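By written order: A, B and C. Residues from 1 in each chain.
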Amino acid sequence: MTDASLSPAVRRHQRPMSAFWRRFSTNRSAQIGFLIVGVYLFFAAFGPWVAPYDPLAGSLRMRLAPPSTEFWLGTDDIGRDILSRIIYGARVSFIIMATAVAIGLVIGVLIGVVGGYFGGIIDSILMRIIDVMLAFPSIFLAIGIVAALGPGFFNVIVATGLFSVPQFARIARASVLSLKEREFVEAAHASGESTFNIISLYLLPNSLAPLMVQTTLRMSTVLLTAAALSFLGLGVQPPTPEWGAMLSNGRTYVMIAPHVATYPGLAIFIVVIGFNLLGDGLRDTLDPRMKQ
Amino acid sequence: MSSQPLLSVRDLQTQFVSDGRVIKAVDGVSFDVRPGEILGIVGESGSGKSVTALSVMGLIPWPPGRVVGGSIMFEGEDLRAKTQAQMRRVRGAGIAMVFQEPRTAMNPVFRIGEQMTEVIMLHRKMSRAEASGEARSMLDRVHIAEPGRVMSAYPFELSGGMLQRVMIAMELALRPRLLIADEPTTALDVTIQAQILRLIRELHDEFDLTVLFITHDLGVIAQLCDRVMVMYAGAVVELSPVDALFHSPAHPYTRKLLAAVPSVVDTRNTLRSIAGDVPDLADLPPGCRFYDRCDLRQPECRLAIPDLRKVGEDHTARCVLPNAISP
Amino acid sequence: MTNTALIKARDLSKHYTVSTGRFGAKGVLKAVDAVDIDVHEGETLGLVGESGCGKTTLGRLILRLIEASGGSIEFAGVDLTALPQRLVKPYRKDIQFIFQDPYASLNPRMTVGTAIRRNLDIHGIGQRRERPDRVASVLRQVGLMPEHAGRYPHEFSGGQRQRIAIARALATEPRLIIADEPTSALDVSIQAQILELLQGLKEKLGLTLMFISHDMGVVRQIADRVAVMYLGKIVEIGSKEAFFAKPLHPYSVALRGSVPVPDPRNRETVPPLEGEVPSPLSPPSGCRFHPRCTHRMPRCRDKTPHLRPSGERDVACFLY
């Protein structure tokens, strides 16, 4: 009886990671996104060591200087080096992004999983709240939250974090709804797993792929929204080198010194594109079926 | 052997590309379908039986799949040389096909009658009224009790067994010379399967229909077919009249497969399983594909793929020692 | 000993309220309807029927994976239906389940070893440090190797995955295994391996097996007794030998006659059963099989036949 089975040729199938890398390595846009995000993270981590000047110290003699060999991207209205400010700004925006997305992820997944798993009246209430949040255009929601809390670095994080909650909640809920009907979850029930373990060992690990994609895509939305809030004067306050605030500051001089507004804008643009490409690439490689 | 084959496939090669690996789903398959016969193709999953049928129909989706070699001659014409537009004409009027899941082959938003009438008008150049009458009489032929009610129904309103009858009626309304049936009863319950098998047999007798019947079920083969082709890992291992296949199987795989089928009448009380698994189609061994699982393997089996050898009247097997095996 | 009932289900029902579509009208779907069934200690009971007959629901009811609408289930003398879910857990150790689709019944993100070990952790079986050995030993019992514990399900073939599912079930040393179509997703050659394995394990470990299947041939291979279900009711139950020698209920006869026999010299001659299974939402009155039955009598339309002994088995038909 066992002789039949003692020679099980376990398929030398690729391990999940190597299959992932093979697909990832053939996806050009994902690689470009990966590269951009990588460079961005490098500046966010090592900004103070690579920036040529102090981002806060300017000299009025050098105000609105055009790009030169001394100041590669020129200087702003009080003579601060724009390149250094952009490099330092990478860290500021990254802290906002990472914290806000983490807030959105944790609260959103909690709501989505609880609603999706337990269903019924709990689900209905949670989803109505989410629907209300989704009914507002996200930027208005963020403005509303900041208006209520007052402007500032911390409040921008809270605002962009909270307005990310609905997206994560919806994805987590959809994922749990489809997973909880699967046989392996039924098998877990059959063997007596607790609700907490079913969620943490069976449902969440299998929801990782769509959540990862959403996390990456969300980064760019948060970056853009935080920049918009700062642009409107509701976000990070001067003199903190924040890209949106820099852009806002530069718009006054757009006719006489266009570089002051252009380069921060370009930085926002490139990083947003980078996260979007990476997110789309991850979606294609993590789960080809999700491709539209 | 006397008459010209209706369909003649030679050295068919169909491959799929997946994650950078080339999967030889069908590798050098040759067979004839003779006019008026029911030829069965039997094999387990991954044997290439369905891919063979789809290759004949020109329905291999590229990417990821493609027919890379061989010839497919239908009524003397090479189907591989035909354009997509020409193939559309062959499908239907020349070769019709019914699938395992009739539901996916029907358009869910049109009534059964509309779909049948449309197809019949297109292929048989009939007026709408004539086509509608033809549809009704074909539904009657496949023993649908109330053709009128079925024609005004949407696909979701019918059961799987009923839809499969509708599919068969629709395909036969085009008067094809060859019907390819790909696991048409696999999704059905046994009592409904018995009805469909009886129907196919009846239509075969009545219309002198030639059928290529693909299944994983040896019981269905025994009940329905005249000749059988056994496939394993993308290749033909045995081709034989149905009686000889069941009563003097030559290839070790066929013999083991027969011994693994649980039956409701057999007196033998233990099943014999086949150890191991099917080889990886992207990484095939150079020799016989059954080598790893075969009890009778010889050193030479590992070196090259054995040829199909004649082992009896109209009976060939791809094994180096078919004659050494006593039935 | 052989005739002690390990499972004793009485008047067991599962009714679903479903909306029938038009204007929110509600109907009652009787998936399992007043079923009495015993599973004897040490036997393999084969439960056969076509799709929608309620066999899968019945299996899940016994495990309390779904809650019964009525009736009782005794396991080794304890009425499980009277217990709150919390107190059912200890019995989950004794009753294990094997699912149909080995591609779906294993958590794709959990290694094989962890999946098996969870079953030990949940029930607190053995000392913590002995558990890896227990995992290794059940893997060996199902013909896999201890090294396989570190791998993920997708690295295995369908047959191997079903072995893993069996190993997981064996880990808790259950008394009863309910297997729901465990081989219907597998090829015949692999199916035979799994049937051999289950048969061998059952004999070696003295298990009781409830084997749910649509395939009469498979049931004939593995079962000691056979129960046939039709539209939520058991129509015939009895020893395998007697059943296959001569099924009594007209539905059993038709079902057995519909199975294509793998012998071209033995081609079917009896006309197949006509018509289709009626909707379980509006089952026929009286005997549920009467509209398709060739032996129907006037009373079959009005009165429901109950299971009654006829020789060595029980049949629910007025003919016997």
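Odds and ends about this structure:
What we mean here is this: contacts are C-beta pairs under 8 Å (C-beta built on N, C-alpha and C of every residue); 3 or more make two chains touch, one makes a residue touch a chain.
Remember, predicted model here, so these are calculated numbers, not experimental data.
Of all the chains, the one whose CA centre sits at the greatest distance from that of chain C is A. Ranking B-C and A-B by contacting C-beta pairs places B-C first. Separating the CA-averaged centres of chain A and chain C is a span of 49 Å. Rounded to whole angstrom units, the spacing between the C-alpha centres of chain B and chain C is 32. With centres taken as mean Cα positions, chain B sits 51 Å from chain A.
Among all residues of chain A, those that touch two or more other chains are 4-5, 8, 11. Among the residues of chain B, those touching two or more other chains are numbered 273-275, 277. Shown for chain C are the residues that touch two or more other chains, namely 157, 160, 193, 196.
Across the interface of their complex, chain C is touched by residues 44-45, 159, 161-162, 189-195, 197-198, 216-225, 242-243, 246-247, 256-265, 271-275, 277 of chain B. Considering their complex, residues 1-2, 4-6, 8, 10-11, 13, 15-16, 182-184, 186-194, 197, 201-202, 205-206, 208 of chain A touch chain C. The residues of chain C lying in touch with chain B in their complex are 50-51, 157, 159-160, 187-193, 195-196, 214-218, 220-221, 244, 254-268, 271-274, 276-277. Residues of chain C touching chain A in their complex: 63, 65, 89, 92-93, 96-97, 99-101, 104-110, 118-119, 122-123, 142-145, 148, 151-152, 154-157, 160, 163, 165, 168, 172, 193, 196-197, 200. The touching residues of chain B, when paired with chain A in their complex, are 19-20, 273-277, 280, 283, 292.
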